[in-house]
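Below is one structure. I have some questions about it.
Order as written gives the chain letters A, B and C; numbering starts at 1 within each chain.
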Amino acid sequence: MATFLLLLDLLGTFVFALSGAMLAVRHRLDLFGVLVLACAAAVSGGIVRDVLIGATPPAALTHARYLVVACAAGLAGFRWHALVERLRNPVQILDAAGLALFAASGTGKALDYGLGPLSATLLGMLSGIGGGIARDLLVARTPVVLQAELYAVAALAGGGLVALGRLAGVPDPWPLAAGAAACFGLRFMAIRHGWQLPVARPPGP
Amino acid sequence: MATFLLLLDLLGTFVFALSGAMLAVRHRLDLFGVLVLACAAAVSGGIVRDVLIGATPPAALTHARYLVVACAAGLAGFRWHALVERLRNPVQILDAAGLALFAASGTGKALDYGLGPLSATLLGMLSGIGGGIARDLLVARTPVVLQAELYAVAALAGGGLVALGRLAGVPDPWPLAAGAAACFGLRFMAIRHGWQLPVARPPGP
Amino acid sequence: MATFLLLLDLLGTFVFALSGAMLAVRHRLDLFGVLVLACAAAVSGGIVRDVLIGATPPAALTHARYLVVACAAGLAGFRWHALVERLRNPVQILDAAGLALFAASGTGKALDYGLGPLSATLLGMLSGIGGGIARDLLVARTPVVLQAELYAVAALAGGGLVALGRLAGVPDPWPLAAGAAACFGLRFMAIRHGWQLPVARPPGP
């Protein structure tokens, strides 16, 4: 079970890093910039969560495996970006899996550190979407996770389910599993069917 | 007194969150993006301050009321943005009140955690303007608080007065009150009379 | 020796702050915005490093000298920006010195706080380039340190040498000196000869 979770965790890291590398290639950054965006996309969310709950130094820095995997994904994205572009659909599915895993485990970790359910859910969401926000800010564009179909909302739903499950005394790993499944399912359906949240209509010119 | 301060604190949170929601509506973010910008504008400054002085987890995460108020403001901004746009003047005054309160209380908290007067003043300023910076960065524009009329400078003056008062041994709550009043007064006059700091003239084309 | 290191440290702070001030002037920020960008460029890297290794409050806040030097550089940049523009070459050399020093000392500090060699090297790099990233994000442009000739790579090489030296048991200050020299030399040669990392070619229109 633990090995399975670790594998999922590293897979999520790889996919998030790949999204950073692809964005860097599109913005014509050099090899190093590609690696930086890969790492930023993969570990920023977890690092911000760890700093906020006081778990310093962050796990992404104390275990070299996350940065190693992120750099490997960066190199892969640098070398095979044309191929990855064509794989957009599978990548989106993997990305949804990474989001689900990060949101659920992030909420669990925040609860372990004594935060309340509301804050823990928010930190779980931040674990999931923080990497995408950092990635987009580094190339000076409005973070796509604030605009994509039910992206952060899916993370929020997954994290909330984890918090509720723990609050109700459901034993691990069921709250984590339910939260991750809910997040993945919601995001998957949103991609499939183009589900969107309402957008306010600002006064036109 | 404590209740009055808490009310002011929540009012400042609400107004800052409203400014984030309005910016999000203007950038056509969806409902969730509006809530994120509302929360970012309301609590980022305090969170950065708390992380820097080592007070983790930050108060904005341990007390749910701040996020609840920020989300309420986000919903209000989403629903009634046209109305809020027309109220620009009252909102600017409330925003000045929020800035004054955050700068004064932020400086006080940093002093309580043992920082020197100069650093505490800077952290007070950061408490006041950090939310506006995070809000603007999330839509990839140069933070308006670095350009508006005496915005950050008013926060700096208010924080400095708090630090000086504490240094001189003036008993609470007078340093806080004086600092908040100075910040509010300065910002109010700057809005009224369009006071500006000098701008350097870069070499023309 | 310690005095010499402190002098170098403050010189690096001054030069980094100057780069922030120059960017602010070019973006027509007011005097306060110039000071903010000067401080952000000078101390952000060190502050992020200190927060990540759990050394709060950060050194840049507990010792007033860094902020004082950064503000002095900001004022100088505001007043004499035309002159500084003409001195671009000497400033680039000083900037390389600042980068080398920050990367080496940042890696050393992270090792002192018990991080592994890989993470410490990354934190050293972050100490060196973090200020430039913060400076550029504040005016909403893609950080130049992700694009310049071997900028972050030089910091990485210098930090890595420090970590290797410490790992091999070489006594201080030799690892620090070797790391700083390597970083400076690499960056200097890259400026001289226009050395670049490869850039991936995204699919054309």
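Keep this in mind: contacts are C-beta pairs under 8 Å (C-beta built on N, C-alpha and C of every residue); 3 or more make two chains touch, one makes a residue touch a chain.
Note that the structure is predicted; figures quoted are calculated from it, not measured.
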Copies chain B and chain C - rotation angle from C-alpha fit, nearest 5 degrees: 120
Shared interface numbering between chain C and chain A [over half = same, under half = different]: different
For chain A paired with chain C, centre-to-centre distance based on mean C-alpha positions, whole Å: 29
Chain A: positions in contact with at least two other chains: 51, 137, 140
Interfacial residue positions of chain B with respect to chain C in the complex: 51-54, 113-116, 118-119, 122-123, 133, 137, 140-143, 146-147, 152-153, 156, 196-200, 202-203
Complex contacts: residues of chain A adjacent to chain C: 25-34, 36-37, 47, 51, 56-58, 61-62, 64, 67-68, 78-79, 81-82, 85, 137-140
